[in-house]
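First chain A sits with chain B, and in the next complex the same chain sits with chain C.
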Partner chain A sequence: MAVSAMHAPRTTERSGSRRLAALLSACAAVLCVSVVAIIVCLAAASIYAWPNALHWYGPHNVFQPIWATLYVTFLALPLAALIGIPAAIAVSDARIFGSAVTRMRTAIAILGGFPTVVSAVAAAIALAALHQQATLTAAAIAVAFLNMPLMTALATAVLAGGTPDLREVATALGASPTYVVRRVLLPGSSMRLGAAVLIVATQIIGGAAAIALITGWAPVGSWPLAVDIWAHGADTYRFGESVTAAGALILTIAIWLLQGAAMLRQAPSHDAQESR
Partner chain B sequence: MSSERAPLETKIEVSQCSAWYGATQALRNVTFEVASKTTTALIGAGGSGKTTLLRALNRLHDLNPDARVQGSIKIDGAEILGPGVDTARLRRNVGMIFSHATMLPNTIADNVAFALSAQGIRDKRAVDDAIERALRRASLWERLSGDLNAPATALPPDVAQRLCIARALTVDPDILLFDDPASALDPIAALAIEDIIARLRRDHTILIATNDLQQAARLADVTMYMANGEIVEMGDTPLIFNKPADSRTEAFLAGRAS
Partner chain C sequence: MSPAAERAFVAAARLCAIAVVAIAPIVIMILLVSTALTLLEGKGELAVARDLMLALFGSTLAFGSLGATAGTAIGVGAALFAVEVASPAARQFIKALVGGLHAVPAVGFGLAAAAALLFSSQPPGGPFVFLLATLVLTVMIASVVFVQMRRELSRVPAGIREAASAMGADTVQVTLRAVLPTIRRKVAAIWWGAFALALGEATALSMIFQAAKTRGVDLGTLASVVLRTGAVDRGDAIDPIVALAPAALILLVMAVAATVLGRRAAGEPAWP
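Moving on to the complex of A and B:
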């Protein structure tokens, strides 16, 4: 009797753990099945579309949207990184620009919390006020600014999270704050900063709402893939047009590749050293 | 023991020094002096203020926005707390070796020469000489002289910790602060670190925070027992270990108190 009484709570605990494990596994399985389902749907919908999608002179080929996507990304991403990463450096160390700058971290966090659509409306209003034409270039610049808070937040997390020891060691050796940033923090965090840039790239590539809103659907030549899919997605089944599904598949694979590259960059040799 | 020593000049004077991390007080009106070229061991339980005290001596608390230090700390008679102090110069004169060997993300040579390059010294011959001298003093020259361009991050922990000592020695600081430098090492590697510290005692003023009482007894001329941010007792090491004046010190050494 005494023995069974001692074992009873352990058995209850074990069955509770099993139930929790089953629940967590089920959640993970739902996500995995969703991913597979999305890919199967896109592959099935696009199976007959590839000749049209890959036809260079076809009315709805994927090359022009891909080109527009690359154009926006290669314009917006460096701009977001060139301003976002230095901003992260500034807010991560009170000794560089004073404690007032570190307080800007809160402002950046608030800015990053705005829904993209809201920020995009603000950007569209600003462009209109400046009498700027709704071009893809203007949209790309606005997209860069919309993604800067995310870039700064990710870079701040990288600089603050992975390198306190490095900062301390370098400072203890008599290095100035700017020297520590230049010669220690940036080289020591370069892999993970690269991962942060890739994550921002996925946001820029996949972000349709902002560009569509900023340009106001004005004729800007080719739309980036995400906007193109957004614009024509509803027609996919009505007209039996599956080219959009092909574009969506390409977009998905591109984002997967970037996310995979970002994940690989988060396990560099420096991290092992930092964690010791 | 102190009566047998020739009078030594005072290197460090700490007066009414208190420190806080946010609202938590980590040091309480600490006052003591350290003579030049002596080794002082800081012993005490975790959270007693040993590391905070060491970090205050080279202003590393500046890195923590929540940390605040009040009082007076003088090195060679010059106040180091407060504004207007060249902290980079101070830290080159007061080297610090941490409990975990953290390598900077570059080569062995770059690590050892870091303090020089941070000063803007680029003369290759001077840098190479300083690297060799520092590595020899840390008993690493024979082992690493052929691998100076290898990444430092790949070194095993014991070699990495000795490299940290060499890195601090490159600019020949007057004072060396060791924050439990052997705590992450096996006993043999720990003894190797002790050997190096024992050799450095002749040329440097050393403060070593340690949880290893035997290490403190072996290395230190003077031992300071700290508890709850206060200095309970400080005196010549044999006296502290054999005949402590304070019952709290006696209890700690006997393993009866934290």
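Moving on to the complex of A and C:
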């Protein structure tokens, strides 16, 4: 096919290759410059904000939003994992759902295409219809449900990609689904399942839209850091104080560290699969 | 494990999967009933007026297609350069920097762009805000595409590269004539996924449009308007949030159509 149509490069092709290499490197440069520009912008904007942001009793300190972020994360993440990982086990073993397993996988993939704001509007309507107060706890539970499809998809990818041969052999030898999960899947993929949980944690920490829509800006005490930044990002007074920029920088570093931890957990399989 | 425990485990796993999948019909039902209540029974005023809805539909499509196309082009190009062309040291450097970009939350993008609008010496015009919002969306999408593309490139059999190199092709030719054709359908799937992602992007765009509004420029997309209109203190009233359902439903139809079309055109798309 395409490979067979190749021949030794001529001079014009070599200069064409150089131009294409320059084009590809320009694409990489755009992304590299973007991250540097954003970080420099946030760091420069927050340079005088740190005393205010780190003042324990200050009106704009970041500790209250960080506490609210931790509260939402520690409430939503276990719930998302507790339902998402068993769901992934169910859709990754054809014996549990039979012929319906393909439809289940398709449904989860389509559910992943639902915009967060749409699901959050539905959650807010459901809460209002049930006369539930818009609290941070209610928002955290809703956020857990909104992140369940992502948790399930990531865990399914881990379980499907780990040790397919071992799984097939165990199944052929008559091992039950429970045995396959306990003895074959989990020992080989627990590290990568942990990485999937960390990736979902970054989504919960960095997500602002769902909580802002579900609580409807009701007075719930302190807002999670992402929601606080979203609410005050277009506010010249708060931006002038630069506290929002300091918060955004803290949030970026937190997510970067979590993503790094997730990548380290994925490292053994990546080394084998992806040497590039 | 006893047979009873075995059955209980399987039943619990099945129940969890059904609970996850059930989110979709529940969301659709809530939005359909709320839309019917708003439109047919006149239970509440539409949160987004009919004529504005058409304009927002157009701007959402414009931002979505521009952001997805430019983001996919840059993300694919950057990944091809990092994985196939760059030296190992440059590869690690690019991977680390783009990893950092991937870690920037949507509010970080929105805040940096809002600062450019809020503190510019001259009031920004509509085209400048449009370009800035498209640029932010493009970079956000490109960082996601870069990660997906790296994953796809790692799955290309090494034999394809070896065969192409053995025939005298240089690294760029190997990339464009041997590697890229083998993942052409995956790139199409990535574009559709990026389009669905761009349609639903609300956080960063709503921050940019809010900042632009303070400088006299009024722009928006369906997702950003739904977020900005819905995130206000409603008290105990249900009508304001129910009135958002028609706009949310249109956005859902657009996003699901993009996902389904992507699956039909290019097989199973990668998770955004």
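Basically, the second predicted complex is superposed on the first by the 240 of 276 C-alpha atoms of A that agree within 3 Å, B and C clash if a C-alpha of one lies under 4 Å from a C-alpha of the other, contacts with A are read in each partner's own complex, and residues count from 1 in each chain.
Rule of thumb we're sticking to: a residue touches a chain if its C-beta (ideal position, glycine included) is under 8 Å from a C-beta of that chain, and two chains touch if they have at least 3 such contacts.
Remember, predicted model here, so these are calculated numbers, not experimental data.
Asker: Looking at the overlay, what does A:36 touch: chain B (first), chain C (second), both, or neither?
Answerer: Touch status of A:36: second partner only.
Asker: After the superposition on A, what does A:187 contact: first (chain B), second (chain C), both or neither?
Answerer: first
Asker: Check the residue A:200 against both partner chains and state whether it touches chain B (first), chain C (second), both, or neither.
Answerer: Neither: A:200 stays clear of chain B and chain C.
Asker: Have a look at where A:159 lands relative to chain B and chain C in the superposition and call it first, second, both or neither.
Answerer: In the superposition, A:159 touches no partner, neither chain B nor chain C.
Asker: Classify the contacts of A:115 with the two partner chains as first (chain B alone), second (chain C alone), both, or neither.
Answerer: The answer is second: A:115 touches chain C but not chain B.
Asker: Quick check on the superposed pair: does A:179 touch chain B, chain C, both, or neither? Answer first, second, both or neither.
Answerer: It touches chain B and chain C both.
Asker: Once the shared chain is lined up, is A:244 touching chain B (first), chain C (second), both, or neither of them?
Answerer: In the superposition, A:244 contacts chain C only.
Asker: May I ask you to name which of chain B and chain C touches more residues of chain A?
Answerer: Between chain B and chain C, C touches the greater number of residues in chain A.
Asker: Intersection of chain A residues contacting chain B with those contacting chain C?
Answerer: In chain A, positions 176, 179, 273-274, 276 sit in both the chain B and chain C interfaces.
Asker: Please output the residues of chain C touching chain A within their complex, sorted ascending.
Answerer: 1, 5-6, 9-10, 12-14, 16-17, 19-21, 23-24, 26-27, 30-31, 34, 73-78, 80-86, 91, 93-94, 97-112, 114-115, 118, 139, 142-143, 146, 150-151, 153-155, 160, 163-164, 167-173, 175-178, 181-182, 193, 196, 199-200, 202-203, 206-207, 210-211, 213-214, 223, 226-227, 230-238, 240-242, 244-245, 248-249, 251-252, 255-256, 258-260, 263, 268-269, 271-272
Asker: Spell out the residues on chain B that touch chain A in their complex, using ranges where they run on.
Answerer: On the chain B side, the touching residues are 58, 60, 62-63, 65, 88-89, 91-92, 95-96, 98, 100-106, 114-115, 117-119, 151, 153-154, 157, 164, 167-168, 171.
Asker: So in the complex, the part of chain A that touches chain B is made up of which residues?
Answerer: Touch list, chain A to chain B: 94-95, 99, 102, 165-176, 179, 183-184, 187-188, 269-270, 272-274, 276.
Asker: Please give the residue numbers of chain A that touch chain C in the complex, ascending.
Answerer: So the residues of chain A touching chain C come out as 1-3, 5-9, 13-14, 17-18, 20-21, 23-28, 30-32, 34-39, 41-42, 45, 83-84, 86-87, 89-91, 96-97, 104, 106-122, 124-126, 128-129, 131, 134, 145-146, 148-150, 152-154, 157, 176-179, 181-182, 202, 205-209, 212-213, 216-219, 226, 229-231, 233-234, 236, 239, 244-245, 248-249, 251-252, 255-256, 259-260, 263, 273-274, 276.
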